[in-house]
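Following this line, the structures themselves.
Presented sequentially are two complexes of chain A, the first with chain B as partner and the second with chain C.
Entry: the complex of A and B
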């Protein structure tokens, strides 16, 4: 048999091999930082990582040299909950609005503002949050350094992320399904609720996830709105309303001139990664049905 | 008797006229086939009959389309109400990501029908009318995607029938289907015309000849001629029609 008709040319084989290797190489470069973080955090933090580390409050001097990080775990979850409570409804509604309005001038304006908001440095959000929620002078709501002030400030950061991803996810629902609903006499709202939204749930879940993960790692906005608490507050507002926060806790521990505190910071980082993983899996599970739908299209 | 009537109708995408000066009558309880080469405007025309083009940016119209004497582009007819009376089936089956039952019930649910008895009755009636009942009656709760392409298209027809329209628009409903599924859809159209006015866009000349009573030939955005299907296919009055149906172009 004529060899030229039965096998790839050397040049093509060579290209395939090179491109294949490059793909693998870049994949390796992409995951290396993650593996590095996990390795470093595990290697230096594993000695203090046990059940009581997760379930006790920090004590000792400096505070944290004894005890665990329960304040940070509880506080982070409270902040994420508050941030989501603000940003998910607002962001999803704004995304639905953008989907409906499409190319109207107002929609373009909202999109532009939303992109600008994505570019605002988080420390600026912190200052805005301080003036709006925390301070007792100026425009403030006088909530003090509190979970509510911090959570809502983080919510502001999440809103544009959820908005843009929601709009995108709705746009990816095939037009033929949208038209199918319209052709049966569905109104825009009925089409959105009954056909577009269910088809976009997986994408919206991803948007919420991106927002939550972003917010979980923020420290700068909290410096001016919540800061830190070594205990667990019984109020979300007022001078006693601040909560602990894992990212802030890591930041503070790393600044202590003490090896023991650095080890605890590493262990806390590992816990933060685990929380990220659990939230990721949770949202994937919740939108599983929609994901299956999307793969059939 | 004409169910819908189109007079001096123009349709534009921006500056481009996609349809020019179309006037025709859509008879009740008959099948009207729209034929013509790709890009001749037949689908634009079909989608103008239930205002599906409203969603296209820069789309505009002139002239009149009436349903039972009421202008469908006037404020007397809300597009949502129009689409409940003028149903549509698309080229590619597009069932919703719901069960077979819920697909057929959807149009009624959005009208606020809650009674389980009424819904069940209408779902069965519509699936029977779409010749699908015997194949799916045991598995109404399965996903619509468990059906074959031909069954999905009959489900979409059942879904359109459930809201009790007066006119049914079909946009090449069998073009994505195999020959056996196609012949089932064609038989179904013959049954449905005893109750509805049917307008079908088709690329398939034999199909138009087999199933339609009236045929309208479109070319470059104009209606060349319309008449009894038997006459159009045997003795067209315009040479362009003859060229097209004998396969000289298109």
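Entry: the complex of A and C
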């Protein structure tokens, strides 16, 4: 294009330059929040962030004005574990089904429903979790506001993520491998277990981490099913079974009308942000070759 | 012939038939495969069951409210828990305010960014810039909200909102207000930035699908790079842009924690962009735990949730259909925000 540029009218050259620079400018505007949020969280949270902040329970009045966020870190781990325990088997199972029966009308319906579940708002998941697990009246499991109720609700959210990524990862296993297994006389089950699943393991692992990322940041469903605990509970169900959670902790601290609590909230946000960004970056580095998976959910 | 021999013959016959079926391709599954197939189908059933549970829980628990108020729930503003009268208009309109502002902000930013990602960014940095954009999508809603409270609200209160009121506000009341910082503008801006990565990556993906011949033809006719991108390529991916915006809408309406922290949570219909308001999701997250004591109150709140759910289901089905046709099945999803 360089040769023809000299013969272009000034107006067209000008427009060409302006529009090109605008795309760069708007890209900068789009990613500015990422850098700005990390900077603001670091800048206002760093004064309270030290080792004891990560390893002590919150104390003082209002609760959290002294001490740290150990309850939130432990609680988030418990919730993520419970969510994965439900969603990994179910999601991988459903993903295998979609891979196996990819083109049948029923599979199309299941794929549509799974995709729609991906878009269900988190407050609706909260309502569902409340009436399935937490409610104390009517039908439901009557577990109260508890870690199990919260964790399984988050598991619901994770299921469609794991399903989609599992199917995609299985599809990326070369067809010739599958055909080779069949040609050797393997049954479908043997083919899936021995050839397809091992080949897709990296992709499925990525999918699980993506689900975990999503679940770590979820707050709204926990308002309906687990709420918050300033300590670490002995049980996972019942009225004493709620756990703390980093996201809920930020929410509660930010609601306190005091500057000191906002600083604590930003420090907790920095911790959550670091966990999320490190997992995220890890996934992307691990799957740099096949970027498709990581960018798809 | 003895009974034993008859049995043997029948078995042989069955095996022969089975063999014939396998050879002629009428049936190629062995018994274990059939069991395996049924087992797999159960995995599909679980997804259907989960979807049904979501729908049923919402419909059944919202039923008292649906029966009592009917369609008037959609256009009545009355929300009086102590007198048992409920209408959701305030929250529905509040939701549209935030979503509208979010889309107005995110669409231009996302489209220009997508063009940068697909065509302007040099090869060596395209991986890095795409990663930055996608990592932005991973920031939790609550962190966006906390950031909004500590960083954005003061800027809005002290600078942007007074500025809007003094310039555009003198002609159009739409931009006027009390410059509180909190309100639909703050919530809309933050939600807008939250959906930029989704809209931008889907638009970028459709831009990458534009046939190279089309671009080359445009250059051959003497068009500049910008002319080619804006008049040829963008035009070709309008369905993709519409699809991505639809997905962005689906994400924005359900956004909860950031909105809850920034919108001001006051049950009134906003009249200007500086007004405070309330959205469906922030109302539910704020008051549902009090509402469950009264079945009708809870039902009214769940009905609002059901309206939200229906909006996202319709919108995501539409967006998915548009993008499916464009990209042949590979499409980005829309995970409901926290």
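In this section, the second predicted complex is superposed on the first by the 244 of 297 C-alpha atoms of A that agree within 3 Å, B and C clash if a C-alpha of one lies under 4 Å from a C-alpha of the other, contacts with A are read in each partner's own complex, and residues count from 1 in each chain.
We take it that contacts are C-beta pairs under 8 Å (C-beta built on N, C-alpha and C of every residue); 3 or more make two chains touch, one makes a residue touch a chain.
No experiment lies behind these values; they were computed from the predicted model shown.
A.B. asks: With the two structures laid over each other on chain A, which partner does A:187 touch: chain B (first), chain C (second), both, or neither?
C.D. replies: In the superposition, A:187 touches chain B and chain C alike.
A.B. asks: Counting only touches as set out at the top, which of chain B and chain C does A:223 meet: first, second, both, neither?
C.D. replies: Touch partner of A:223: chain C, not chain B.
A.B. asks: Under the stated touch criterion, which partner chain does A:278 make contact with: chain B (first), chain C (second), both, or neither?
C.D. replies: In the superposed model, A:278 contacts neither chain B nor chain C.
A.B. asks: For the three-chain arrangement built by superposition, which of chain B and chain C touches the greater number of chain A residues?
C.D. replies: Residues of chain A touched, chain B against chain C: more for C.
A.B. asks: Tell me the contact category for A:97 with respect to chain B and chain C: first, second, both or neither.
C.D. replies: Only chain C; A:97 stays clear of chain B.
A.B. asks: Per the contact definition in the header, classify A:85: touching chain B only (first), chain C only (second), both, or neither.
C.D. replies: neither
A.B. asks: After the superposition on A, what does A:198 contact: first (chain B), second (chain C), both or neither?
C.D. replies: First partner only, chain B.
A.B. asks: Output check: A:286 vs chain B and chain C. Expected answer is one of first, second, both, neither. What do you get?
C.D. replies: Neither partner.
A.B. asks: Output check: A:27 vs chain B and chain C. Expected answer is one of first, second, both, neither. What do you get?
C.D. replies: second
A.B. asks: Going by the contact definition given at the top, which residues of chain A touch chain B in one complex and chain C in the other?
C.D. replies: 187, 296
A.B. asks: What part of chain C is in contact with chain A in the complex they form?
C.D. replies: For this pair, the touching residues of chain C are 29-30, 32-33, 36-37, 40-44, 46-48, 50-51, 53-54, 57-58, 61, 108-110, 112-113, 115-117, 119-121, 127, 129-136, 138-147, 149-151, 193, 196-197, 200-201, 219, 222, 224-227, 229-230, 247, 250-251, 253-257, 261, 280-281, 284-285, 288-289, 292, 302, 305, 308-309, 312-313, 315-317, 320, 330, 332-338.
A.B. asks: Could you pull out which chain A residues touch chain C in their complex?
C.D. replies: Residues 1, 4-5, 8, 12-13, 15-16, 18-20, 22-27, 29-31, 33-34, 36-37, 40-41, 44, 90, 93-98, 100-101, 106-107, 109-110, 112-128, 130-132, 135, 156-157, 159-161, 163-164, 187-189, 192, 213-214, 216-221, 223-224, 227, 247, 250-251, 254, 262, 265-266, 269, 272-273, 276-277, 280-281, 284, 288, 291-292, 294-297 of chain A touch chain C in their complex.
A.B. asks: What part of chain A is in contact with chain B in the complex they form?
C.D. replies: Touch residues, chain A against chain B: 102-103, 174, 176-177, 179-187, 190, 194-195, 198-199, 293, 296.
A.B. asks: Could you please specify the touching residues of chain B with respect to chain A in the complex?
C.D. replies: Touching chain A: residues 50, 52, 55, 57, 80-81, 83-84, 87-88, 90, 92, 94-97, 106-107, 110-111, 145, 156, 159-160, 163 of chain B.
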